[in-house]
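What follows are several structures.
Okay, so chain A shows up in both of these, paired with chain B first and chain C after.
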Partner chain A sequence: MRKLEENIFKILMIIASALVVGSFFLIVFTIVKKGLPAMNLDMITKTPERGFYIGKEGGILNVIIGSLYLALGSSLLALLVSLPIVIYINLYLKTGSWLGSVTRLSYDVLFGIPSIVYGAFGFTIMIYFGLKASLLGGIIAVTLLVIPIMIRTMDEVMRTVPKELLDASYTLGATRLETVKILLRQSAVGILTAILLSFGRAIGDAASVMFTAGFSDNITTSLTDPAPTLPLAIFFQLSSPIEEVQARAYASALVLTIIVLLISISARILTKRFSKNKI
Partner chain B sequence: MTDNPHISVQNLNLYYGANHALKNISINIPDKKVTSFIGPSGCGKTTLLKTFNRLHDSLTDVRVEGKVLVDGENIYDKGIEVTHIRKKMGLLSQRPFPLPMSIFDNIAYGPRIHGTRNKKQLQVIVEQQLRDVALWDEVKDRLYSPAVRLSIGQQQRLCLARGLAVSPEIILGDEPTSALDPKSTQKIEELFLQLKEKYTIILVTHILRQARRMSDFIVFVFNGEIIEFGPTEELLLNPKEELTKDYVKGFLS
Partner chain C sequence: MSVSLRIIKDKIAGRTMLVLTVLSVLLAVLIGAGLYLRSAPLLESHSIWKLLFSSEWKPMKGEFGFFPYIMGTLWVTAIAILIALPLCLLCGIYIHEYAHHRIQKVIVPFVDLLSGIPPVVFGVWGVLVIVPLIADHIAPHFVEFSTGYSVLAGGIVLAIMIFPLIISILLEVFGTVPKELKDASLSLGATQWQTVKHVLLKRSLPGIIAAAVLAISRAFGETIAVLMVCGNVADVPHSIFDAGYPLPALIANNYGEMLSVPMYDSALLFSALILFVIIFLFNAVSRYVLSRIEKKYA
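Let's look at the complex of A and B:
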C-alpha cells in the first residue's frame, strides 16, 4: 500500500518535472525555429530600415540598446533604493519590531501588483512633471516595478544570516555600520541574485514601458529620448500584417531569450565565486 | 573569595516579554579566575552570560534591570559606549561562527576596527594569536583561504584567537566545546587553563567533570536564580542547598 503511494507520487513528480522541462524546450524550440530564418548579423547591428517602427529590413539594434539601458538603469536605481532598506530592517531594527513587519507586509503587497499598474502610475508621475515618453520615464516605472522584487529577494537571504554571526562582530567591538560589511558579505549571493532577477524582469516587461518609455526607430542617446524595448518590438512586429515583419518578431524574441539566458548563466557562475566565504 | 571582583552583578533582573528569565541575580566574579555556570537547560545561563556584554540590545521585548559593573563601571549606564565594553570581552559560543572572510581577515577584523591598519603589525598579531591557540602550524600555509573551510574544532580555536586579538580582559565561553570531538575539546580546555593566568574566564558548561577540571569557582543556576556559588570542590562535593545536591548527585556517585 505504502509502496503504491510512493510510486504514485513518484510518477506525479516525474510528470510535473517533464511538463516544466518540456515547455521550456518547446518555447525555445519554437523561438529558434521561427526566429532563426529571420536572424542575421544586420538584425543586431543595424537600426530598422524601410518602414517606421517595424522595418522590413535592417535590424533591431536600437531596441536592444534601449532595452539594455532601461534594464541596467532601473536595476541600479532600484538597488540604490532597496539596499539601504533591507540593511535597515535586518540590522538596525531590533528583531521582531513592528516597523519591520509593516515594511515586509508592504513590499509583499507591492510584489503582487501587476506591472501595467506600475506603468500607469509611472505615467501619472511623468504627466505631473511634464515628461514625455522617454528613457527616464521608462526607468522610473520599471524601477518601481522591480524594487519589491529586489527587496524581497535580498530580505529573504538576509533574514537567514545567523544572529550569532552578527553578534560575533559586535562582540569584537564593531559598530552596526561596521557590521553591515559582514551582513553584505554573508548575503552577497542573495544580492547578486536580486540584481539579476530584477534585470531579467526589467528587460522582459512590456506593460510598464508601454506608455512610459515610448518607442522609436533611432538609437536612444539621452534620458529624454524615447527608449524602444524588446517586448514592445516583439508586440509591434507580431501585430504587423506583413509576413516578413512577423517573422522578425521571433528573431527579436530570440535575442531577448539569449540575453536572459546569458544573465542566468553568469548568475550561476558568479554565485559560485561569491559563496566561497559564506558560512 | 571575592574581594577582588572583575564583574559585579547587582540585583539583575531580565525579562523576555512576560518571561522573567533572570531573577534578582547578584554575584561577584573574581578577577583572573575561572568561574563556571552550571545548571539545567533553559535555566538562564546563556542569558546571564549575554548580559555581560549587552548582546540583548538587538532584541525587542527584552527588559534589563539592575547593574552589571565591569571594572567598577556600570555597563547599563545610559552614557556608556557599548563597543568599549564589548571590546573587553571575548565570546566563544556553542558553535563557531567564523566571519565570511579569510582566516587572516578573521583575526585581523578586530584590530582593524580598533585602528590597526599597518600590514606588518597585523601580520604579527595574526601569527601571535594563531600560535596562542595552537592553530598556526595547521593553517600557516592557507591564511588567505576562507575560514569556513576549517574543521569545526579549528574554527572554534580561530574564534578564540579572533576574540583574543582585541586584547580583552574577560573571556566568556558558552559551552565552547559542545560541538567538538574529544581531542579538540581537550585542546580548548588546555588553552583555557593557560589563559586564566591573564584573563578572567567565565564558562558555561553542562559537563560537571569539565567544570571540575577547569574552574576555581562554580555557580549553580536554577530557573533564573543563583542557588549556590562557591569554590569548585566545595560546591561539587559538599553542596549546601538541596537543589544543588539534586543536580550534582549523579556526579558524586
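Let's look at the complex of A and C:
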C-alpha cells in the first residue's frame, strides 16, 4: 500500500515536471513554427510602407528600434537610481537594520505590482507634466517597472560579498565611499545580470507602454517622438482580420522571443561562469 | 585636511543615498496616493458598494458597475491557481526531493527561461493553441458552443505564466526545511513520499501559502495575455467556457481613448487602484511571511 502510494505520486510528479518543462518547449515550438514562414529580411530591415496594415510591403524595423531605445533607456535610468540604493543598504546600513529590511520588503512588494498599474500611474504623471505619449513617457513608466527587478537582483549578489573583504578595506583606512569600489568589483557580474534581466523585462512588456510610449510607423529619432514597441506591434497585428498581417504578428513574436531568450541565456551563462571565480 | 575632506565626502554621499533610498521606498505610497486622488471624483459621486457590486456599466450615463470585471478577474485567477498550484507542488517536490542532480540541472534552467518569455508571446500562443483547443476539443463535450475565447483559456495561459514564480519560491521554502528532520523520518522507516507528506509539506505550509498568494496576485494583474484570450465580454461568467472581461483588460482596452467621457478616466484609475491595493496587501503579507521563514532557518 505504501509502496503503491509512493509510486503513484512519483509518476504524478514526473508528469507534472514534464508538463512544466514541456509548456516552455511547446510555446517556443509554436512561435517558431508559425513565425518562421512569415519571416523575411524585409521584416527586420524595412519600416512599414503604404498598405502595410492590409498586408502589403514593409517591415517592423521602426518597432525593433523603438523597443531597443526604450529598453536601453529605461535599464540605464533604472541602474542610475538603483545603484546608490543597493550600495546604501549593503554598505552604509548595519546588517539587520530596520531601514534595510523595510527597503527590501518594499521592493519585494513593488516587484509584484503589475505593469498595467505602472502604465496607468506613468500616464497620470505624464498628464501632470503635460507630456504626450513618447519615448520619454515610455522610459519613465518602464523605469518604474524595472527598478524593483534591478534592486532585488543586485542586492542578492551584494549580500554575498564577504564581510571580511570590506573590513580589510576599512582597516586600511578607507572610508565607506572608497570601499564602494571593492563592493562593485565583487558584484560586477550581479550588476550585469541585473541589467540584462531588466532589459529583457523592459523589451517584452506591453501593458506599461500602452498609453505611455505611443505608436508610429516612423523610426523614433528623439525623446519626444512616439516609440513604437514590439509587444504592442504584435498585439495590434494579431487583432487584424487580414491573414498576412496576422502572419506578421507571428514573425514579430518570433523576433521578440529570440531577443528575450538570448538575453535570458546570456544572463544565466554569465552568472554561472563568473560566480566561480569570485573569492 | 585631506582626511577630513574624505570623511566629509563619505558623509555627503551617505546622506544623499539615504534620501534616495527613503524616497524610493515612498514610491509605493506615491503610486497609491496618485491613483486615489485621480479616482476620488468617482468615489465622491458614487457609493463604493454600488461601484463594486453593480453590473450596470454605462459610462455615457455615468454608471460604473465593476462587478462583471471583478468577477472576470476572479474566475481567471481562480482557474489559473487551481491548475498551477498542484502541478507546481508536484514539480517542486520532484526537483527538490527526488530528481537526480543532473535532472535538476536540466529542469531548473527551463523554468527560468519560461519566466523570461514576454506576456504578449504567451498571448499569441494562447490564441494559436489554447483557444482552438478549447473551441474544438474541450468545450464541445460540455457546452453547445464556445468560441474558445473564454475564462478557461485565460486561466490556462495564466497558469503557465505563474509556474516559474511558484516553483522558484517553493524551492526556496523547501530549502529551509532541515535535513535532520527528513532523515529522522526516513530512519523511522517512512517512505520518501510519507516523509514529504508529513515532514516537508507540513513544515513548509506557511511558505506554500505565501507562494500561492503571490501567484494569485501576479495572475490578478496580468494584462496583455489575458486580454488576448479571454474574449472581453462584459458579463459575469457563469461557466469556464464563457468569455470574461478582467479588470486589467478593461484598463488596457479603454484607457487613453475615452478621456472625453466624464468620470471615465476616474473609473479606469479606480480599477487600477483596486488592483494596486489588493496586490499590495497580498504581496506585503506573503513577502513578510517568506522573509520570516528565511530568517528563522538561515
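Some points to look at:
Throughout what follows, the second predicted complex is superposed on the first by the 241 of 279 C-alpha atoms of A that agree within 3 Å, B and C clash if a C-alpha of one lies under 4 Å from a C-alpha of the other, contacts with A are read in each partner's own complex, and residues count from 1 in each chain.
Here, a residue touches a chain if its C-beta (ideal position, glycine included) is under 8 Å from a C-beta of that chain, and two chains touch if they have at least 3 such contacts.
Everything quoted here is computed from the prediction, not taken from an experiment.
Steric overlap between chain B and chain C is absent once the structures are superposed on chain A; the two fit side by side. Of the two partner chains, chain C is the only one touched by A:Phe9; chain B is not.
Of the two partners chain B and chain C, it is C that touches the larger number of chain A residues.
Once the two complexes are overlaid on the shared chain, A:Gly138 sits clear of chain B and of chain C alike.
By the document's definition of touching, of the two partners only chain B reaches A:Gln186; chain C does not. By the touch criterion defined above, A:Leu110 lies against chain C but remains apart from chain B after alignment on the C-alpha atoms of chain A. Of the two partner chains placed by superposition, A:Gly58 touches none, neither chain B nor chain C.
By the touch criterion stated above, A:Thr175 is placed in contact with chain B and with chain C alike.
Using the contact criterion defined above for the overlaid structures, shared-chain residue A:Gly73 touches neither chain B nor chain C, since it reaches no partner. The three-chain arrangement built by superposing both structures on chain A places chain B and chain C 100° apart around the Cα centre of chain A, to the nearest 10. Look at A:Phe123: by the touch rule set out above, it reaches chain C but stays clear of chain B. Once both structures are overlaid on their shared chain A, chain B and chain C have a minimum Cα-Cα separation of 8 Å.
When both complexes are aligned on chain A by C-alpha atoms, chain A residues 175, 178 touch chain B in the first and chain C in the second. For chain A in complex with chain C, the residues that touch the partner chain are 2-3, 5-6, 9-10, 12-17, 19-21, 23-27, 30-31, 34, 81, 84-85, 87-89, 92, 99, 101-106, 108-118, 120-121, 123-125, 133, 144, 147, 175-178, 200, 203-207, 210-211, 230-231, 234-235, 238, 249-250, 253, 256-257, 260-261, 263-265, 268. Residues 6-7, 9-10, 13-14, 16-18, 20-22, 24-25, 27-28, 31, 34-35, 38, 86-91, 93-95, 98-99, 106-107, 109-114, 116-125, 127-129, 160, 163, 167, 191-194, 196, 214, 217-218, 220-224, 228, 248, 251-252, 255-256, 268-269, 272, 275-276, 279-280, 282-284, 287-288, 291 of chain C are the ones touching chain A in the complex.
On the side of chain B, the complex with chain A involves touching residues 53, 55, 58-61, 83-84, 86-87, 89-91, 93, 95, 97-102, 109-110, 113-114, 146-148, 159, 162-163, 166. By the touch criterion stated above, chain A contacts chain B in their complex at residues 94-97, 162-175, 178, 182, 185-186, 276-279.
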